[in-house]
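Naming follows writing order (A, B, C and D), and every chain is counted from residue 1.
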Amino acid sequence: MFTINNRSRSRFIALILTASIILSLTMAFTPQAQMEKPIKLSFEVMMPEYDPVRIRAGELLAEYAKQLGIEIKVRPVDLNYEITKVRDEHDFDLYILGFSARNMPFYISDHIKSANDRPGGNNMEGIRNATLDQLAEMLDSTVDRQKQIEILWKIQEILADIVPWVGIYTRYLTQVWRVEWQGFHKEYWGYASPMTWRNAHIPGKEGGVFRVILADDLKSENVHLEGSIYEDMVWDALYDTLVFLDDSYSPQPWLAERFEVSSDGKVWTFYLVKNATFHDGKPITARDVKFTFDYIKNNDIPGYSNIARYYVKSEVIDDYTVRIYLNTPYAWFLYDLADVPIIPEHVWKDVAWNTSVAPKIGSGPFKWSRRVEGEYVELVKYENYWRSDMPKVDKLVFRIIRNFNAALLAMEAGEADFYVYYIPVGAVDRVKNNPELHLNLERGFTFYYLGFNMRKPPLDDVWLRRAFAYLLPKDEVVKGPLQGLGEPVTWYISPYFGDFNNPNVPEKFPWIASTSANVEKAREMLAMSDKYEYRDIDDDGILEAIPKKMERQPQPREKPKTETPMQTMTETEKMMVETKTIVRTQVVTKVETVTETVVQGPSTTDIALPVVIAVIVTAALTYIFARRRS
Amino acid sequence: MGLREYVIRRLIQLVIAIFLFITIMFFIFRLMPGDPLSLVIEEFAIDPEARERLIKLWGLDKPPLEQYFIYIRNLLTGDLGVSFVYHEPVADVIISRKLLNTLALLISSHGMAMFLGMILGVWAAWRRGTAIDMAALTTSLILHSIPIFWLGIVFLMIFAVKYRLFPLAGTITPAKTFENIFEYIGDYLWHMFLPMMTITVIRLGSDFLIMRNTMISVTKEDYIVTAMAKGLPEKVIIWKHAARNAMLPIVTLAGLDMATVVSGAVLTESVFSWDGIGRLIYEAAIYRDFPVLQGVFFLIVVVVLVANFLTDLMYAYLDPRVRYE
Amino acid sequence: MTVLRKERRGDKLERLREFWYIYSRNKLGVIGLAILTIYIAIAVLAPVIAPYDPKARIGSPMEPPSPKHLLGTDELGRDILSLVIYGARISLLVGVLAATITMIIGTLIGILAGYFGRFIDDILMRITDLFLVIPGLPLIIVLAVVLGPSIWNIILVIALISWPTTARLVRSETLSLKERMFVNASRVAGASDFYILAKHIIPNVLPIISATMVLNVVNAIILEAGLSFLGLGDPTHISWGTMLYFANRQGAFLSDNPMYIIAPGLALVGIGLAFVFISYALDEVVNPKLRREGI
Amino acid sequence: MKPIVSVKNLKKYYPLKKGLLYTILMGEKEYVKAVDGVSFEIYEKEIFVLAGETGSGKTTTGKVLVGLEKPTEGEIYFKDQNISRLNPKEWKRKGLRRKIQMIFQDPYESLNPRSKIYDILAEPLIVNKAVETREELDEKIMRKLEEVKLIPPDEFAFRYPHQLSGGQRQRIVIARGMILDPEFVVADEPVSMLDVSIRIDILNLLNSFREKYGVSYLYITHDLATARYIGDRIGIMYLGQIVETGPVEEVIQNPKHPYTQALISAIPIPDPEYARRKEIIELKGEIPSPINPPKGCRLHPRCPFAMDICSKKEPPMIEVGRGHQASCWLYEKI
């Protein structure tokens, strides 16, 4: 013990270090054999770290899952990280994300197509359902509203049946304004709408300044560049559109005093108002409208990808009539138009679409006045606006306050009139009790949901996903962290969208309707699984999923309320399905073989750093050991 | 022995350091998960094709190594790239009102802290060991352990929320029309007061400590002892002889302590919604605006390294004892 | 020889006693140590001291302080006092672990650079300079984003940012130590580099940089709080930084309970103070050149 | 008689730290020529003194001899074994560490303040694996402590260096040098830091080891008085070279080289009789830089007897007496 042999000792230590590093590396990279063995019901749920509510939601879910014997690790991560893992790498178990799904009815097809089950595609859960593929395909090209509703209802039922994701809660849009103001109108983002800028006023008072709080600065001074929703608020006041969406979310004439659509749905004719002018006094003509659409199409401007995709050409019939040709019938065209600012040809023809400071000669009720970077944007009334009754105020000031506490205090102090953004629950009472302020809670369409990685056993089991749906304490999330500023989600398309929402879903699919955690029901779900047997085989309090033999077919009574989608289809749909299935299946099987080989190991970023450090330390140590003075 | 050779050597080292730095930064930023478009997905369901188009537009589809070479090539021609978020050249994003805001805040607060720290430090060092010195010392140690953002919040709670003496956020009163430049400056200073005080108070602690300790060692030097023996008035000895010589380290340190300065700026600007470079860094990281991140880091590091270089040269030039090793 | 061995132990004790004698003359140091002891006691005894389970929702949200909840409740109706008490655990853990890793990296690199000199020194010092220059918090923000929020990543990242100062200090100490005669003596006696490093250099370096190491703890704690405050921390762990983050997010600012902000902040100041005082005192004990009368 | 150590034309140059760039731009590297061609022999049980001013290269010579520095040129033989090119590993493998040791100058600096005396003394034994058991180790340490007159040993063994006086520390330094029972020891100014009153004791102690174990010494000093007290033969060094060598008494009584003469005349001697006999030789100016030493005889710019040849050619070693040599053109004809 006493005789110290330095050399052998150092070699020994070096050996041990090297060995342990190699060992840990091999362990880290060894694929876990998952196919035949029982799989422990231990999952990780990711959510963006910045949102306390979603974190709490995850924690609550974990609490109840534990009662059932499912282990859930709550892992708040950077949003980008989560999206990379979920959308681009498909390396996840469960995730919670928000969906500001203002276009949900249109875009839902994007999320359910098998073809989009690829890295970077929007089918993040890995939905492989031929019927859904057909329906999505049909939805994209169906013009008839009744038909759309029919398809969407079907999609909602299938989704509720296979549960690729479950809605948890929606957060109300919170809006505060000083009580003296009136004339607000609802649109996508509640009352922060184009019509609000045009209409807001204090009854009995002429002119004045309407001061709106913006939660972020403009990132650029160009209406075509993708910015934040706050940016849109500014451009909505500066530019007019052909149509606008009214309080009930339906398109109404605006710059176009009326419009027609051809019977095949491909040709739209717009009749413009005749007295409208740009801020430089030049009239707004059909040529400007044509220019606007050509400009979007020719430049492939990312913010208007749908226009670019469906728009073919326009035809100037006369100064105030323009005809727009689309390549396919596109039902959502008018909704998209409500977003397209009409720009003056004589100003924009030589301007690159992505210049950061672009001309701000608009067509709207307010003219650009000045902007102090990071502080405010000031717009002044355009005296020659074609609607002589608008705008009602002389000035519209967007004051940039990023800190919501500061924003609310500014509202209290009378330094601002209108605020649409996050109101922390701690401050709700304060706002409510302030007689000078009006707090408006709007249901909106933003919702937060729990998504499953259906590619990864045992999450490929629909019964397990249904069990999860039963475990979600939606009401507790709403009452607790959300403090009642929202409501539980029991649907796949928000009732906000009226007829598009399938009201039968909650009734037919009780797990989607469940708003409080129900461990017993969840247990029942697991018991009904035909794919796995859920049992705690190693007595560690956590269940294991044991794959069942394929011969054991599910008993028919176990699926009481669901029908095979094919049976509910109309004849035309069946035909479409059959013609397209051949192509589809080829694509699908091809992709499947790829995804099946995806190995679930720790991600490279998780181990890269510790490993690098370990290697450096070892190298350094071995260097000391090995070195002798030379 | 060659000052010239020393300068050349340091210059080469400087260039290598900057190059190494931008390389490391480039790849660290590329390690961040996600691309500038990931964030968009939560707000808008962005069309995958549009997404790919944008990625191509920004050159993000190329392999990282190729992106790196393009970046270096552009950098050599003075092109820092175009911001993903602002769609402007990075240089324009950085050299803007944000930079001025940050400079105004940092220079005023650090200048103030240095000034007060020096006066208090000299004063405490001269009365070393007394109860007053003890109190000042303890206070500065306490200041050293206060998190800057917390102090900012507390200031806001007291001065902005409770007593409404100062504004909560921003750099000027929005949309106010100013009669003349003085009115504007007055408004700006009024807005800057709380963030400035926050940094000053936190910074004062360490500036005071440094000054006090240097003063103590300076007062032990022969020439001070001689001056005292000559019977010069205490004031003259303190301010003319001792303080001047003790000032050097504090000034040098302030320049070299850029890392802490920037960190403080990020937190302070975020608490006070001060529209400056600190916030820009934070947002650029969140939005994956690589070009801006690289640009800001590049700027900071070049400034610090060049400042270091110049300080060393100054020392080498002024102090004959410095060997060019 | 049994007599000798007994003496040996006594000797160590005596050294400790001597150290304590010098240290205890420093009032600030004693106060710091006392505060730290209290904090450690709170952290260890958290389950005993805390009036409630910190994760239990036992009251209505954002209650102002009352006899039932001395510091009120947070937005979930959890007892803030209990949260602050449990927060001591994470803050201490982060501070101590990050400082330890900092010390290990810094000492290793400093010693390698200082002892072996030449090109190793050149390379390591250039890297150190670079890290010294990189603004810490922004890089931490970037790294925190790269690695994802977890308490371990934060510890790692803080250490990754903080080591250069220690490395520089250790290097300069090593440089002067390796020229000392006793190192040469050891070399003549036939000791290897490893032996010299282990027996002569490291034991002499560590006490001298001990004050800095203690200061690293404060810096780590404050950095963690800052990161958490920006929302880059680990929100699943209760630390004072994450409490402040939630307090800020949930508008404690405007609610009836300012204690939600004041309490974790004061807790941070207290622990910071303890370590700053200790560091200051250690500096005076270990570097007698700085020792002054009356303090 | 065979020499135990023989040094042949030993050179040690230190490159000036200039960096790669400078070498490329400015060409030639520059060196500090600390030791520039030194030769001498040391016989068994002999004490050879190297004397000279600070910067003359005597300490560097000592460091090279114990392997702390590598020679630039020249050979060192230890009992017929060429040790000049060995690395530390080979030193240890060949057992040279146990045979060649060094005693350091500064008893304050050369003891690790954080090690106990016991550990300081144990270190050479442990790293050289010179003992098998703890008992053996304890015993050796006790014995050495006794031998350096630190009695009782257990009184001192577990103290820290700062708890001892300067003289006691120097005894520890000696004990450490002697603990491996070396055959040859380089003693680098072992008494220069000590009070005059205890110098003799220390010198006697060194002598006792020679008597008892037959140790040979290279005794390095700038102090001719102690050299005279302990030394057998002496070499006077100036700017990296030995300028005069011979038996101590002979060289001091009858110095031949002007530099030696100047050195000796600078010694304050209490004996007035002796002092009167002594002629005073003074050198001009300062000792030149070892980077670019003067051409020819290195002393010539300062030498009062400088001749033409002195600045042109380096003088060879010239026999000036029995075993007494000086390197000076003055004695060429003799």
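Rule of thumb we're sticking to: contacts are C-beta pairs under 8 Å (C-beta built on N, C-alpha and C of every residue); 3 or more make two chains touch, one makes a residue touch a chain.
Note that the structure is a prediction, hence the values are computed from the model and not measured.
Annotation: B-C is the more contact-rich of the chain pairs A-C and B-C, by number of C-beta pairs in contact. Of all chains, the one whose CA centroid is most distant from that of chain B is D. Chain A and chain C, compared by their mean Cα positions, are separated by 42 Å.
In this assembly, the C-alpha centroid of chain B lies 56 Å from the C-alpha centroid of chain D. Work out the mean CA point of chain A and of chain D, and you get 83 Å between them.
Between the Cα centres of chain B and chain C there is a gap of 24 Å. Looking at chain B, residues 31-33, 161 sit in touch with two or more other chains. In chain A, the positions touching at least two other chains are 6, 78, 80-81, 405, 409, 605, 628-629.
In chain D, the residues that reach two or more other chains under the touch definition are 88, 127.
Chain C makes touch with chain D in their complex at residues 1, 3-4, 7-8, 11, 15, 180-182, 184-192, 195, 199-200, 203-204.
Chain A makes touch with chain B in their complex at residues 78-81, 83-85, 87, 97-101, 103-104, 107, 110, 116, 120-122, 209, 211, 217, 219-220, 222, 225-226, 228-229, 300, 302, 305-306, 309, 354-357, 372-376, 378, 395, 397, 399-403, 405-407, 409-410, 413, 605. Of all residues in chain D, those touching chain C in their complex are 63, 66-68, 88, 91-92, 97-98, 101-102, 104-106, 109-116, 118, 123-124, 127-128, 135, 138, 154, 157-160, 173, 176, 180.
Within the complex formed with chain C, the residues of chain B that make contact are 13, 16-17, 20-21, 24, 28-29, 31-33, 128-130, 134, 137-138, 141-142, 144-150, 153-154, 156-157, 161, 213, 216, 258-263, 266-267, 270, 281-282, 285-286, 293, 296-297, 300-301, 304-305, 308. Considering their complex, residues 57, 61-62, 75-77, 108, 112, 116, 144-150, 156, 187, 192-195, 197, 231-232, 234-236, 246, 248-255, 257, 260 of chain C touch chain A.
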